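See structure below.
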Amino acid sequence: MIDIRIQATDFDPGHQIGRLEQLVAGSVASVTVAAVASDEVTEIHVDHYPALARNVLAAIGAEAEARFGLAGIILIHRHGPLLPGERIAFAAAAAAETGVAFEACGYLIDALRDRAPFWLRETLGDGSVRWR
Amino acid sequence: MIDIRIQATDFDPGHQIGRLEQLVAGSVASVTVAAVASDEVTEIHVDHYPALARNVLAAIGAEAEARFGLAGIILIHRHGPLLPGERIAFAAAAAAETGVAFEACGYLIDALRDRAPFWLRETLGDGSVRWR
Amino acid sequence: MPLDLLYFGALRDRLGRDAERVDPPSHVVTVGDLLGWLAGRDGAYRDALAEPSRIHAAVEGQPTGHEGSIFGAREVALFPPPGAL
Amino acid sequence: MPLDLLYFGALRDRLGRDAERVDPPSHVVTVGDLLGWLAGRDGAYRDALAEPSRIHAAVEGQPTGHEGSIFGAREVALFPPPGAL
């Protein structure tokens, strides 16, 4: 199972882990990432290109499955407006072997960081904006 | 925050992740491990030595905090009777940096696997028992 | 042939637009050619595209290197290095 | 001085007990000494402790190597390599 979600809404890490636990008697490794920003940032906007985001995240999921032989993969990336500190992304992998699930999760989160086509625009308290 | 739990009852990975998310705007990495057993196993008993388990898990948590500089650590290991496929252990770390949380979580789960003083006794369908 | 260009991230602000339709000459066959042609249009493009290694591209929604073809494409996206985490 | 020994994991079944109180001679001062003394008691101990590298120990609830002292200890645990995951 490879489940890719690109969504404006928040997600529930525990619910997602539960979905993966149902796939295999083994381990689920996950990383939940919040949108970190400095104190003067009042809002974050996650810009994205939907067609490209779908293609890239699907490729990342397929690569991880081929490389690690996983029971399940979930990738979530949010877009649109966020408040600093809100969840922005989630990666999780399920496998019979703990080490496999963990390594695969690391692969997924590295790939999201390096390749997922999303860009952050920060709005500061003085109304100015900047791209990260 | 280092929270070490050695308990007979099940736990909720999502709830534990939520506790860590409240500590830091950043990332939470976790691994949830189920008790894997072959088909003929009908029950698993997790033997443990409570005083040693507390000491070893506390040492693992303190080492990880010192090494990685984490906002929070949760380690859970169950003891007593389990059915195959039930959750047996959980390790999670929270940090401002995703990579730090992930590496620390790997350190925790490796340490649990190699050092946590718990032993599995499996009961088979024919009533015989074996230690793993 | 008309080509829709899409801009993302900081490139939107630097170029002052999200998208535009262009009609590059026939010798423009790769992403790199396209970047060179755009940079020659005016100072805003030249400045925005001054560091080609910082400009990534997707052709028809697929990530594509600068050597990649845009021949026959109807949509090319240009954007800063991806990654919001 | 009397010493409480605790056994865990497969060692319980191999020795047929969870715990016992012993009174080792005064030359038994390390975990390794203790293992050697126990192995010399009878065949069941000799067999159960035949691979010393597979026997781990804790003195007063703290993990301790075979070179570690048991001097003055009241509780020593012996067990197979830890780890249930």
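We call the chains A, B, C and D, going by the order they appear; numbering starts again at 1 in every chain.
Just so it is clear, contacts are C-beta pairs under 8 Å (C-beta built on N, C-alpha and C of every residue); 3 or more make two chains touch, one makes a residue touch a chain.
From a predicted model like this one, the values you see are computed outputs, not experimental measurements.
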item	value
Touch-network distance, chain A to chain D, counted in steps	2
Chain B-chain D separation of Cα centroids, rounded to whole Å	26
Euclidean distance of C-alpha centroids - chain A vs chain B, Å	24
Interchain centroid distance [CA atoms averaged], chain B/chain C, Å	49
Touching two or more other chains - residues of chain D	85
Where chain A touches two or more other chains at once, by residue number	33, 35, 98, 109, 113
Touching pairs - complete list by chain label	A-B, A-C, B-D
Residues on chain B engaged by chain A in the complex (per definition of touch)	12-15, 17-18, 21, 25-37, 84-85, 87, 96, 98, 101-102, 105-106, 109, 113
Contact footprint of chain C on chain A as seen in their complex	33, 35, 46-49, 51-52, 54-56, 77, 88-89, 109, 112-121, 129, 131-132
Footprint of chain B on chain D - complex, ascending	6, 8-10, 12-13, 58, 61-63, 77, 79-80, 82-85
